[in-house]
Each structure stands twice: as C-alpha cells, then as structure tokens.
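Shared chain: subunit A. Partners: subunit B in the first complex, subunit C in the second.
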Partner chain A sequence: MQFLAFLIDGLLIGFVYGIAAMGLTLIWGVMNVINLAHGPIIALGSFGVYLLFTNIGMNPYLALVVVAVLGLLLGMLMYLIAIQRVIDAPHLSTLLATFAINMIIIGIGTAIFTTTPRTVNFSLGSISAGPITILGTRVVAALASILVTGGLYLFLYRTTLGKYVRAVANNRAAAELMGIPSRRILALSFGIGTMLAAISGSLIATFFPFTILSGGVYELKSFVIGVLGGLGNPLGALAGGLILGLLEGVIPAFVTTSWVPVFEFGLFIIILLVRPTGLFGAKK
Partner chain B sequence: MKRTRFVLTIVVLIASLLLAACAQQLTAAPEEAAAQEVTALIGFTASQTGSYNVESTRQINGLNLWMNQVNDAGGIKLADGSVVKFESKFYDDESNKDRVQELYTRLSTEDNANFLISPYSSGLTDAAAVIAEQYGKVMITTGAASDSTYQKGYTLVFQTYTPASKYLTGAADLLAATDPSVKKIAIVHENDKFSTDVSTALNDYALSKGYEVVIFEGYDPGTADFAAFINKIGETAPDAIMGGGHFQDGSTFAKQIFEKNVPVKFLALLVAPPEPTFVELGDAALGVIGPSQWEPLANFDAEAASSAGMAWFGASSQEFTAAYTAAYNEEPSYHAAGGYISGLLLQQAIETAGSLETQAVKTALENIDALTFFGHVKFDTTPENHGLQVGHSMVYIQWQKSGDVLAKQVVWPAEGASAQTVYPIR
Partner chain C sequence: MNRWRNPGLWLTLIVVVLVGLFPVFTGKASTREVIFTMLLSVVLASSLNIILGYTGYVSFGHVVFFGLGGYVGLYLMSVGVSLWLAILAGGLSAAVLAFLLGKAILRLRGAYFALATIGVNEAMRAFINNFQPFGGPTGISLHFNVYQDYGGATQALWITYVLLVILTVAAILLSYVVKTSKFGLGLVAIREDEDAAEVMGVVTPNTKTWAYVLSAILPGMVGVLYYFKNGNVEPADAFRLHFSIEFLVMVMLGGFGTVTGPILGAVGYQRLRGFLLTNELFKNIQLSVAGVLLLVIILFIPGGAVGWLRKRFPVTRKVLP
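Now for the complex of A and B:
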C-alpha cells in the first residue's frame, strides 16, 4: 500500500514533467533550436495564473486558457524579434539568443516580483486511503496534460498546419519548394512551444509555490525527457515525463533521495549511447 | 633714486611674503577642517539577483538604515578628535560563490574598504571570509550561521548570528517541555552547507536528549516536489518533523505536509516560517514553528539590560522596528535586523577603539559583551573558534490563529513567549 503511494505520486508529477518538456522538445525537434528561455517561460505561466487569481479572483483553470493564448503570442513575438534573424546561423547563435531572452525575463521578473516564493492558495480537496493521498489539483493537472498531448498530436498529424510543421521539421528546403511558408510555420512552432511551457507553468502554480527562477528545474528535466522520448514527439515527451516521474517517485522508497539524479542522468547517458533518437521514435 | 628703488623692492618683497603666508593660511584652514572628518568605507556584496535576493535585500536595507542614522547623527568621534562618517561600496554577487571571492578581493584591494560586511548565506560568507582574512580586513558576518567558518583559524571575522550548531536545538527543548512523552523525531534537510550543519547538530543534540531519530536525510536544493520524500517520512511515523532549508523549499515542504495530511504533532522548519510571506500558505502555515534570529516581538531594551546586569548599546527593538518600518514600509525580518546589528557592532567597536585601525577595532570587538536590540552579543576569542557568536540565542515563533487571522507568536524561550505553543498541530 505504501509503495502504491510512491507510485501514484510519481505518475502524477510525471504528467506535469511531460507537458513541461513538450514545448522544449517541439521547438528543438522542429527548429533545431535549444530554447534556454524555456524555464523562465514556465515561471511566467505560473505568475500569469497567480496574478489573475489573486488580483481578479479568476479560476486558475480559466486563467490557464488566458495564459496559454498570451504564451502563444509571446512565443511568436520572441521568434520574430530574437530568433528569426539567427535561425540559419550556427547553433551557438540561437543558443545565445534564447539565453539572452532567458536573462531578460529573469532580470525583469526578479525586479518586479523579487524571488520571494508566491503561492496560488487554491484547492480542489483530496482523496485519502491509508498512506495514499491524492490531491484534486494534481489529478486535474494530469488530465489537462493528457488533453493537451492529445490536442497537440491531433494538430500535428490531422491538420494541414500540423503537416506543414512536420514537413518543415523534416526538411525545410523541400517544404519551401512545396510552397509552405516556412518562416510563418517556424514562428507558429515557437509560439506553440512557448504556449506549452506557459500551460505547464500554470498547472504547476496550482500546487507548488514558485519564483521566477522555479522554471529552471523543469527545463533541466525537459532535456532528459527530450532524450528519453525523442524530439518533436508529444507522445514521446509525455511518456518520457512519466518515466522520469516514476523514477523520482519510486527510487526514494529504496535509497536516499540524493541517488535520484544519479539514476536519472545515468539513464540519460545510457539512452544517448543505445538509442540516440529517443525511446519513442524521433525526428529523422 | 637707487635707494628709493631698493626700499620699494624690499617693501614689495615683504608684501609678497606676507600675502603668500596669508594665502597659505587660507588654504591650510580647509585642510585642517577636512582632517576633522574622515570617511570610512564599508564594502560588501549584495545578492541583487539569484536565489538569495529577498533575504539579501532585507539585510542590506538594515545595514543602510544603520549607516544613514549614524551619518545623520553626525558620525562617530575618534580619539584624535576627528569624526568618522560612513560610505558603502557594494556589488551584485548574483548569489554566486565564485563572484563573491572576486568581488571581495576587489573591495579589499582596489576600493580599499576599511571594513567588510559579509554577503547573505553561510556558503557565500565562507567564501568571503578567507578574502577578508587574507587582506587583513575586519569582517562582520551576518546572514551566515555555519560554525565551520570560525574554525579555520581566522582572527578578523566576527559572527552576529546564533551559529548553526544551536539553530534548532531549542526546538528539541521546546518539544520536550511541551510533550515529554514524544520520542520519535524525523530530521530532514536541504543538502547545502548551512542546513546540513544545523541538522547534524540537531541530530546529535536530539540523540543526547534521548530522542529516537527515525529518519535523517537530505534533499536536493532544487527539489520542487516532496511527495516521494514525504511518503518516505510517513513510513517511519514520526511524532515530530524538524529541519528544512531555505525559503522556497521550506514553504513547499510545509504546504505538501499539510496537503498530504501527514499526522504529525510538531513541525519546526528553518528560515521559511519567520518570513512574513509564509502566511500566504494559508492553513498550511498553521502551527508551523521556526527559529528566528530576532523578532519584533522580542523586547530587548536598556531596561532589560539593566535588570539582567548587562551592558547595553544602540537602539531598542521598538526603536529599530519603528525606524525600519518608516524607512521601508514593511516590518523588519531578522535578516534586516542582522544587517543593522552588523553596522551597530562595528560602530560600537570603533567608538571603543577610538580609531579605524584594524587591530584596535578587532580588540574592541573581542571585548564586546552586551545586550542590544538584537539580543546578547559576545564573541568566542579562543584560537579554535575565534569570532564565533557565543552570546546570542534564537527565539522560536509559531503561526497561530487569532480569530480568522494568522499571526506569528513567540513560543520559546518560555521567558520571552508571547503565547502558549499550539500542540499537537494535526
């Protein structure tokens, strides 16, 4: 029964890791851009919900929709201002461009919000059975993650725009020759990636205190998940997140928590060696 | 004619000499006046960015308040009749240990600071202390509680905070006084220098008092989800949980302990509970106990010193609280009080020494044994622990409900308590 508590908690946090990683792997997979501003955008998503909830009393899940739209627009704006001009430059240029955005967001965020942790004091109650306690907010976060993953999957594989995104991801030159407006598709992809980061931040705000620096932890885990699940694959990201969550949930049952990163990053190295394209198929 | 010219030349020469002498006197006068006023430069780094931003900002606010008050009051008079006023020079250390060493070297060698104040946190202070010692600068440390910094043979570094080894031991005493039947304690802590030092000392103390420590384990500084960790603690069924780390992990941990309905009777955590924003946790904050270096509720003043037969200097708790609140529009936390006391100690030492000379100020600091608004202050002067704070002790606050409002109350030590301990909390 106690082990079940470790398992369930691991799975529930795994869904959040999955959706947090989805945006990073999408941008990485489609555009070959490692978005170092991913963490601060997750934190901005949390602050978006916090501000709407505390200032106008908006339900956090309604606030999530507003934050998602703003995230999409912010991502497209970031692409047009900072990424577009360096998208064809060597990888270091895009890395530095996103690092600059990262520093700007953290700087502004620290100046406005300081690094005092903020809390969205919102509860959906909990269900308890023996040592197992499941929070309503975590269950909703898991359901939202499944919904978003499904939505993204349908978008990528069942819509024309989604096919454009995949075409640009596979071969941008060929896609352009077929008349696909690759610049706009890249802006949209960056926007969607940013939107996913903002959504994950919104969900995180419903159960964890956060600061403008809190996104860094999820960004780091997102790299591991990207390698586990493969780049640009929403189902792979979710599965990768679940694997990571399970490891974090179950390992402490047997050894001290200090061992968790050893196992996580050990797995990271093994996957890189054995299956560098990820466990669940990746961009070819 | 020649004679007249000769006399005229002599007169002009004498007049020129007289004018020159007057001019010299005129220029010498301001120099003499300037010699009356000396500026002492206080160097430090502030964590304007990075994870220590909140605590560091409050610490610097406290220090600046002291500096403004001293300068506005006309400065400090030295033995030679000159008057010292203070200026500060600081850089952003980005909460980064490597930056701290680089910046304190700059403060000591390029900026020629007379005295140094430590950065916030034990880790950063430990990095800065070696630089202060190397360049022969007196450093008052604040916001830093680790014992080990003072066990490295330094002679110029002086601690204001109660050291880590005594940070949480009072919580074990409070628990014993509240419920002597309790035996099972879980000690969990952030895996950083300060929290590990505190928890290790608490573990030794608890074992010596006959407690059974059912789990003693650390967690990573970046931990956001404590669910698995709390499940593990739950397996050991402790009566009390003690430990923690810094603000973010402490508040997250307290929130999740509450949400997972862990049936614990007593919860004492480091750093986070005394912070005013801890109240944002709502019901999750209720009953949580935290050690504080200082609280506005603690009533230290000249009268208390007189009744205790102790020396006294500086403002009273009430005066400091009123001045800080007026200056920054918020109630001072213990970080702010730590910033203020670091300046006040320096002031007292300079006044006693009557000089800005390092050795004289060092000797004056070594002889301080007095009550201040911050509590009792006295430094260890043995070579083994030179500069370690041995006079000061913690106060313990608990978040309690007064009607529908959550408020902090001092619950330990008993003689300073403003309310009875709420026990058990669940």
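Now for the complex of A and C:
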C-alpha cells in the first residue's frame, strides 16, 4: 500500500514537472534556444507566491495568476534584451546568454532572499483512503497543470496567434514571407515559456520548501522530461513529466532514493542517443 | 618547422613560466595560492577550448574529467600509489572516459550534445555519490601520512605547484600544436560545416573523438593535483555543473578558438572574481556583475578579447595564435 501512495504522489508531482518542462520545450521548439535561465525563473515563481502570500495574505492560487502575468512580461523582456541579438548565432551564444541571465537572477536573488529555505504556510487538508494520504495542494496542483496544458493546447491550435507561433516554429523565413511579425511572435513564445516556468514554480511553492537555488533541480528535470517527450513537443512534455514522476515514485521501492538521479540521467542519455526525437516522435 | 617560429607562442610561454616561477623564488605562500588558481583555470580553459573553440561542440560537463581524475588519483594514493603514477592514472582515466563518451554522444550535434554533457555530469555525480569504493557521499580523504612521503605538507604543496606549472606549459603547447596541425584544421572544418568537412575527407567521428580525448587528459591530470592539495574529494564538489560553466565563460571572455584567448580569459576571469569578492559594493552580487559582463560580451563582442583584437587589428593575427 505504501507503494501505491508513492505512486500517486509521484504522478501528481509529475504534472507539475510537466508544466516546467513544457515551457522549456516550447522555447526550444519555436526558436531552437535552450533556456538555461529556466531554473531561476521557476524559483522566482515560488518566491512570487511566497511574497504575495506572506505579505498581503493573497490566496496562493490567485497569486499564481499574478505571477503568471509577471512571468510572461519578464520572459518577453528577457527575449528583447538578451536573446534577440544572438538568435541566429551558434548555439553557444544563446546558451551563454541565457546562462548570463541565470547568473544575474541567482546573484540578486541570493543577496535579497539569502539561501535559507522558505515555505508557503498554506494547506488544503488531505484526502485519506486507508493507509494512503494525498495532500490537497498536490491534487489542486495536478488539476491546475491539466488546465494550463489545455489552455496552451487551445491557444496553439485554436487561435490565430497560436497558429502564428506554430508557423514560426515550423519555418521562420517562410512565416515572415507570409506577413507574420516573427520577432514579436518569438518574444511572445519566450514569454509563454517563462510563464509556464513561473506557474510551475508557484505550484511547487504550495507543497515543497524552496530557495533561490532550488530551481536548478527542476531545470535539470525539465531537460530530462523535454528529451523524454521530444524537445519541441509541448504536449509530449506533460507525458514525460508523468513518466518522470512515476519513476521517482516507483524506484525508491526497489533501491535507495539516492539512486534515483542515476536512473533519471542514465535514461536521459540513452533516450538522447537512441531516440533524440523523444518517446513520442515529435515532429520537427 | 615554421609553426615553431611564432613569437606570440614563445612570449606567452615565457610570461606563463616567469609568472609561474615567481612564487617559487619569493617563497610566499599567498601569491602561490593566487597563481595556483589562475594556472588551474588556464589548463582547464585551454583544454576545453580544443573541443569547444576548435571543434564547436559545447561541453557543459567538462568538470567530469577534472573530478574523475581527482577521484582516481586520490583513490590510488590512499592505497599507497605514488603521486606521479596517480597523476598519470588520472589523465588516463579521463582519456578513457572521454573516448567511450565520445564514441557515444559525439554523434549528437549542437544543443543535443550540450544537453547530453549535462546529463553525463549529473549521472556521474549521482553514480559516484552511490559508489562505495569511492566513499559514497563523503568522498575520499587522504591520510596525513601520505604527505610525509613528499617531505611534509608544506613541501608537498610546493611540489604540487611546480607540477601544475609544468602541466600548464603542456596544456598551452598541446593547444597550440592541435591548432596549427592538419588535425586541428579538420576540427575547424567540422566547426564551420560538419557535412562539408566530411565530404572533404575529414573522418569526422574519429576526429571529434580524439579532440574530446585530448581535451580531457590534462583536466584529469590537474584534477589529481588539485584534490591532492585539497586532501579530500566529494561528489558535490567534484562534479559541480557551475564549475564547468565557469570554464566556458573564461573561454568566451578571452576568445574561443584561439590559443591565447583561453589563457587571457582564465586570468581575467579569476582577477575579476577576486576583485568582486573583495569589493564592498559588489561582494553580495558578484555573480550578477559577472553575469552582466558575460551578457555584454556575448551580445557585443562575441569573439572575446583576442577575437576582437584579431578582427580590429589584422596585424595581430600573425603574432596572436
């Protein structure tokens, strides 16, 4: 029964991982940029909820909406300042440009918030069935993740703007010839990517303690998930997140928890080598 | 041969050796420590430059070779092997790992390779963390007696230092030889256009793998020196992703794909870091200041210091390898 509890916990967290990875993979899909500032943005999302909740007592889920909007704006700003100039340069430039943002956020964040772990003291009770206890916040986080995924899907496939994003991802030059303002679409896509990171950070804040540095762990997980689901495939990311959550729930039943990352990153390298398009064969 | 007549190379080597031997003559331990860190960075940045700058493959996990070398070296020394053999073993183990990894992940291109190296780094750290012969999460600590064989701890530190100076010269020479050889030309061809290079007769899989091996040997060797000096090695320290990225920054700062660039970059970065860490105003946000600087370089001077000089003053192309 303990096993089942781990499994459910793993799955619920997997949804949140999925949202984080979705942001990373969306940015990669649209502009071939690996965003190394993803982790700090996740941490900033957590801190956004923390500050709004502890200072003015705002409900964490309302705070999440505020954080999401701020994340969108921050992402667009980041794109305009740091990415736009090097978008066509070799990978090294965009990798280092986003890493420079990572350093800037971590540096300022550490100076302001120090690295003492923070928690958002908020609870939605828990559901118990026999020996299995599920935290309410985790259920809500999973539901919120499904909602966000649905929203992203509708945006990408049912709106004109979403169509533009897909067109730019498919072939930027051709999209430009069709009169799509590709620079603005790229900025928007980067904004949506960071918005997703901020949302996942907000959800994480409701059930895990965090510091400004803790985003790094989720960033690495996002890489693994992104590759599992196929880089550039936002919906595959959710599935990848569930797989990773499941693994994290199941592996500790057989070996000590410290072996989990060995399997995770081993799997990551194997998938990269054997099926770089991901388990679900993303269209490029 | 003509390539040995380059004044820039000899000037660089003379300066490095003079600076390197300076603390040996003055005998001051504090200057030695400062220069130790710099020379270490020079070795690591120059080595990384072979795969990053010449070949154009972004490796985020180069610290793996440094850490693995340190682990193998300390493990051997803790069972009684001498420092000299341990250093060779450290370099060899890093080379073997690079060869095996190269065979596997160098098939990936661009960002996929970069991601794979991050994965290798994390997998390695997690694995060593669970690997009991290497001490698991607590790592390996050298017994104090080990240093007695080298004339006590103080003497051992000086031996380590002189060895590092020698390895630094080796790293610069290696970097220069690769750059000016036909092999290096093949690497640059791969960087510019891998498919075209293949058509022109460069056996790309082998060439890339050997470049990776060459860029791993010296980090493995100085890893032994660094952790021998430290006395212990732990998984969290030995495989820190951040450390790898610092080398990337050094290479970019100085100018990737040049011999002198990583040297200047390494020295410049360490000087800057030292300045920021001790400055009242920047002490708390030194990481941010370094980040802003990096961003400015990436956006406006993508060639780094040496790249900029070579572009701005064409005459320097002859003397700045």
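By our rule, the second predicted complex is superposed on the first by the 281 of 284 C-alpha atoms of A that agree within 3 Å, B and C clash if a C-alpha of one lies under 4 Å from a C-alpha of the other, contacts with A are read in each partner's own complex, and residues count from 1 in each chain.
We take it that a contact is a pair of C-beta atoms (placed from the backbone, for glycine too) under 8 Å apart; a residue touches a chain by one contact, two chains touch by 3 or more.
Computed from a predicted model, the values in this text were never measured in an experiment.
Superposition of the two structures on subunit A leads subunit B and subunit C into a clash. Legend: residue contacts after superposition of the two complexes on their common chain; A:274 is shown touching neither subunit B nor subunit C. Using the contact criterion defined above for the overlaid structures, shared-chain residue A:56 touches neither subunit B nor subunit C, since it reaches no partner.
In the superposition on chain A, contact is made by A:97 with subunit C only, not with subunit B. In the superposed pair of complexes, A:107 makes contact with subunit B and with subunit C alike.
With both structures placed on the common chain, the touch criterion links A:9 to subunit B but leaves subunit C unconnected. With both structures placed on the common chain, the touch criterion links A:259 to subunit C but leaves subunit B unconnected.
Of the two partner chains placed around the shared chain by superposition, neither subunit B nor subunit C is touched by A:173. Taken together, the two complexes place residues 106-107, 110, 216, 256, 258, 260-261 of subunit A in contact with subunit B and also with subunit C. Those residues of subunit A that touch subunit C in the shared complex are 28, 32, 34, 82, 85-86, 89-93, 95-97, 99-104, 106-108, 110-111, 216, 220, 223-224, 227, 231, 256, 258-262, 264-266, 268-269, 272-273, 276. Partner subunit B is touched in their complex by these residues of subunit A: 2, 5-6, 9-10, 12-13, 106-107, 110, 114-119, 121, 123, 126, 128, 131, 133, 135, 204, 207-209, 211, 213-214, 216-218, 248-253, 256-258, 260-261. Listing the residues of subunit C that touch subunit A in their complex gives 52, 56, 58, 104-105, 107-108, 110-112, 114-116, 118-120, 122-123, 125-127, 129-130, 137, 241, 245, 248-249, 252, 256, 284-292, 294-295, 298-299, 302. For subunit B in complex with subunit A, the touching residues are 49-54, 57, 191, 217-220, 222-225, 227-229, 231-232, 234-235, 247-248, 251-252, 255, 259-261, 275, 277, 280-282.
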